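Please go over the structures that come below.
Heads up, the next two complexes both have chain A, just with different partners, chain B and then chain C.
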Partner chain A sequence: MEQFIFSSKTKRLTYILMSFGVIALVYGIFLAVSDVDGAHHSGTRLWTNLLINGFFFMGIAASAMFFFAVNYAAESGWWVVIKRILEAVGSFLPVGSLVLFIVLFAGVAHQHHIWHWMDAEAVAADEVLRGKAPYLNWMFMAARQLIILGAWIFMWTRFRKRSLEEDLGFERNRHFKNVRDAAIFLIIFGYPISTFVPWDWIMSIDAHWFSTLFGWYVFSGLWLSSLVVTTLMVIWLKKQGYMKDVNASHIQDLGKWVFGVSFLWAYLFFSQFMLIWYSNIPEEVTYFQVRFEEYKYLYWSMFFVNFAFPMIALMDRDSKRNFRSLTVIGILIFIGHWVDTYMLITPATMKTHSTIGIVEIGLGLGFLGLFLFVVLNTLTKAPLMAKNHPFFEESVHHEIH
Partner chain B sequence: MKLYGLYNDDGVLVDGAKTLVSKGIKVNEVYSPFPIHGIERIIGVRWTRIAIAGFLYGITGTTLALFGMSYFMIQDWPMIIGGKPNFAFILNVPAFIPITFEFTVLCAAHGMALTYFIRNWTLPGVKAKNPHPRTTDDHFAIELVPEDIKDYSKEDLTSLLKETGTVEVFEK
Partner chain C sequence: MHKESEIRYPLILGDKNYHQITEDVCAPLEGRANKLWYLAFSIAAVAALWGLGCIMYTIGRGIGVWGLNTTIDWAWDITNFVWWVGIGHAGTLISAVLLLFRQKWRMAINRSAEAMTIFAVMMAALFPGIHMGRIWMAYWVFPIPNQFGSLWVNFNSPLLWDVFAISTYFSVSLVFWYIGLIPDFATVRDRATRKIPKSIYSVLAFGWSGKVKQWIRFEEISLVLAGLATPLVFSVHSIVSMDFATSVIPGWHTTIFPPYFVAGAIFSGFAMVQTLLITARKVVNLESYITRKHIEYMNIVIVITGSMVGIAYLSELFIAWYSGVEFEQYAFLNRATGPYWWAYASMMTCNVIIPLTFFVEKLRKNIVYSWIISIFVNIGMWFERFVIIVTSLHRDYIPSNWTMFHPTFVDIGIFIGTIGIFGVLFLLYARTFPVLALNELKTILKSSGENYKKQQH
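Moving on, here comes the complex of A and B:
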């Protein structure tokens, strides 16, 4: 059985990345405590970055689970050789959720007011927030997020447990239980990821603004990021000499997913933007106004990179089979989607006071290190190939043109 | 004059084609009612260039749509729709994107379909080129060109074809 070994060299890399994160965290806390401008901007900055990274990496883990469930529910065969990677990426879900809840309860304890509806004075002075108070109050938010994220984590442990059991011997009933659970997961994932999860954690920062497309937009970006992570992990593992059963057709299919979901993301971006631009209603355009005026170059270059790069570079069949082009584009749009998440949150919390400095980059790298550490650690716990999956042989012989 | 081997099963045809190719016989063409997986590699069909043509038709559509709308709506007869400023293309371009997209798809799809029909000469009123009427129904055919195959005589080819499990071998 092929087993992944977490080499000390790779471990060291994740430790270095995590130490960047710790340095940035300490620096961020120092800035927050000293509070030079007296307006709590540094404190908001620190919590904003924890929210960005917590949400981004939690979303990647959850979307990997979603892709796992899609393939199970559709009873597709090609993906079985990458099944363990999706499971491993999903294992970051509890850690990411924990970070989100730390940010949430720090807000409840008035350490920050990223969500200004948590500030009783602001709500008292604001008719709109008073009207939204039955939904936007911390107890209800904590309760529903606990149920949603808890249910996802619960489903992950169930899938994982059965997946490890399957290594010992195939059983018909277990497989169909997985198929049934996958269908259930699609429901308990699909509704919250397009509604409560992005609404609560991100959209409610701009408590006056709303968009019904917002959840889909956020989800498509996260899903794409998780596909990019999966693709890069497969390529990296193959470079290390693992995963002999993954052939060029699997890589091409992953490339197609990245290509296709990039279009989904760009389509949703544009659909949301164009309706707001066309109707030009004051309470709606404020969202884009702050992004276009304060973050003009970063915002548009983010859109350009995330849309045009995969479109042009991954259109050709050969480039989807080529490790180098997939790696370059993958890394670029991974950074692009991190910046997209940054753009979802920072303009709303920091307004005109944002910077990209040690705190942003350091915490981003730190979370990446933590994410890789957790994921690779899970990967060592089971053989890389789920050999007893009924479609394993089909997957090994997967061939497309 | 060409030589045809008719089969009633695509699996038998694939095996037959493999046998013929392994003996150094060039299979000129295969006729089938549906695409046979992997046959193009076995008989060595060149990679299709329809994707490149499709890309070119697509960017032609994009260019035409953007150029057309900027001429109609901005230059020739400026129109104010929804109170949007109309004195510069860049200020109106988001409104043009959906139509540009649709026109790109229209041009790419029609261009590719027409190219395919013309390239294969399967236009309305054109005489069908399949060797046997049943290759559009439930039979499959291998086409050999005996003049191009130097190593084997026509009689050899006929017997070789028969050995691969044909239901009929005929000339046309």
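Moving on, here comes the complex of A and C:
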């Protein structure tokens, strides 16, 4: 049985990344406490970054589970050799959710004003926010998010338990229970990820703004990021000498998914942007105005890296089969989607006062370290190959002609 | 080495061999049509003639003969247009997207789905044409030099984008369909005994001889076309949705429209494929190829896309309230409870509630039930477009303009007529084209045929 060993060298790397995070956190707290400009911008900045990273990595974990469930429900065969990676990535879900709830309750305790609608005085003075109050109030938000994220975590533990049981021997019934649960998961994931999860955590920051497509757009970015993470992890593990059963065809298929979902993301970006730009309705267009005017270069480079770049770079078959090119492209897209998440949140919370400095980069790297630590730790707990999965043989002999 | 797990269902039932597949698929082409076919053809032809009559009448008298008025200046015409374009989505999804996803079950259904796509897009294209009033000026939709007239098209208009999107989609679908047909035409040609059919199929088969090199090229071009056609599956209905969503009319302007229209199009397209194929498999004895499992897979696509459409309906409804915009709120309240509540209720029932029953395995495996649901979805998706278009328009900003839409016999006649023309084309196709991709089907016989699967395990 092939088993992943979390080497001390790799561990050290995650510790270094996490220590960047701690330094950035301490520095952020220092800035927040000293509050130089007297307008709480540094405090907002710190919490904004916790929200960005909490949401981004929670979303990656949840989307890995989504991909897991899609493959079960669609009876797909090729993916079985990477099944354990998806399980491991999914294991970050509780940690990411915890971070989100910390940010939420800090807001409730008035430690920050990321969610404008949590401010009772502001709501009382604002007719639109008063109208939204039955939905936008912290208790309802906490309750629905607790149920949604709790249900996802519960499903992860079920999938994981059955997956480990399957290592002891194949049972037809168990497999079909997984297929059924995958369908259930697609429902309890699909509905909230395209609605309440992005609406509550992100869209409601721009408390007056609304867009029906917002959830789909956010989800496509998270899904893509999780595919990139999976691809990079598979390549890294292969370089370490693990996962002999993964061949170039699997890597190419992962590359195809990254390529395809990049298009999906760009399509949804364009749909949302173009319709708002074309109609030019004041209530809606403000969202893009602040992003175009204050964040012009970052915003458009983000779009370029996340759309044109994968389109051009991953079009070629060889670039999807070559580990080195796929790694470079993957890392760039990963950064691009982190910036996309940054762009979803920061212009709304920081308005014109944003910067990218120690807090942003440090916390980003810190979360990456924490994420890798949790994921790799989960990976050690089970064999890398789910050998008793009924499609395991299909996957091992997978070949694209 | 190719492996297939034993828990996968066979896709070709019974004790079939290569020759048997050819025999089964070519039988309807070589035999005589039965009474049922003639009956169906007569009904379709009568409807088609009635429709053609109404179209002539419209062209002769002008579109004043429709039920349009100054408030509701778009109604059944555009409803039918969007409905038909939507139906035309399943074909390319099955042939292109499912090819990229290596879905073997597509081979039994792709040919007919593509044929349906082409006929449906033709029906769709008819509506903007006759809506122009002067159909002989129809070529003005293209950006043509001023010698043809001084009217230059408006590139800012999504209606013009439609012209490009739909004509591209139609051409690519046609090419895709035709390339897939070439090897099968060759088979029909080689089997033909009478002189005229043989010479016709010879021309159609482009001299295909079944060499390995030809097959390699065939597979390559299929993949390339699939790659080109996949974005088209998205673009066409996205642009159709932009006919509405780029406006500032409450109920029309919402960002979710493009992907939601695409999901709805696939939803309605699969429903139509289901309606046609469940019928066809019985009439031309193809139960061994279009199996219960195929129907179940299509039902799964229907329930997924139906759920996406459902999320979109509810998101729109919720965000209309959440937005705090009075006009948006009213538009949706009026949809659900206003004078057209029955249309909204039909849409919700047929598109959201009824397809959810497919989550029950027993029901989605039931063939008769699947056929009935597919009819419901066809109806529901027509109502969806009607709801979006007519209920959003019938309450203008000025209450004195508020009105209702009453279709005239011409509106009804043209709609029924397009169903008739579509039926005529499909029935003719079923008698003259191999309705299954028989040569491609042979490639999965040894991995997914019931008899071979039994031998292996």
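Everything below uses one rule, namely that the second predicted complex is superposed on the first by the 401 of 401 C-alpha atoms of A that agree within 3 Å, B and C clash if a C-alpha of one lies under 4 Å from a C-alpha of the other, contacts with A are read in each partner's own complex, and residues count from 1 in each chain.
To be clear about the criterion, a residue touches a chain if its C-beta (ideal position, glycine included) is under 8 Å from a C-beta of that chain, and two chains touch if they have at least 3 such contacts.
Owing to the predicted nature of the structure, the values given are computational and were not obtained by experimental measurement.
When the two complexes are overlaid on chain A, chain B and chain C occupy overlapping space and clash. By the touch criterion defined above, A:187 lies against chain C but remains apart from chain B after alignment on the C-alpha atoms of chain A.
Once the two complexes are laid over each other on the shared chain, residue contacts for A:94 go to neither chain B nor chain C.
Residue contacts after overlaying the shared chain place A:278 against chain B and chain C alike. With both structures placed on the common chain, the touch criterion links A:393 to chain C but leaves chain B unconnected. Touched residues of chain A were counted for both chain B and chain C, and C has more of them. Look at A:383: by the touch rule set out above, it reaches neither chain B nor chain C. Of the two partner chains, chain C is the only one that A:212 touches; chain B does not reach it. Shared interface residues of chain A (contacting chain B in one complex, chain C in the other): 274, 278-279, 399, 401. On the chain B side of its complex with chain A, the touching residues are 38, 40, 51, 55, 82-84, 94-95, 97-98.
Those residues of chain A lying in contact with chain B across their complex are 270, 273-274, 277-280, 315, 317, 399, 401.
Remark: chain C residues 1-8, 100, 219, 231, 234, 238, 242, 245-248, 253-259, 304, 307-308, 311-312, 314-316, 318-319, 322-325, 359 touch chain A in the complex. Looking at the complex, you find that chain A touches chain C at residues 75, 77, 127-128, 131-132, 135, 172, 175, 183, 186-187, 190-191, 194-195, 208, 210-216, 256, 263, 267-268, 271-272, 274-276, 278-279, 281, 283, 390-391, 393-394, 396-397, 399, 401.
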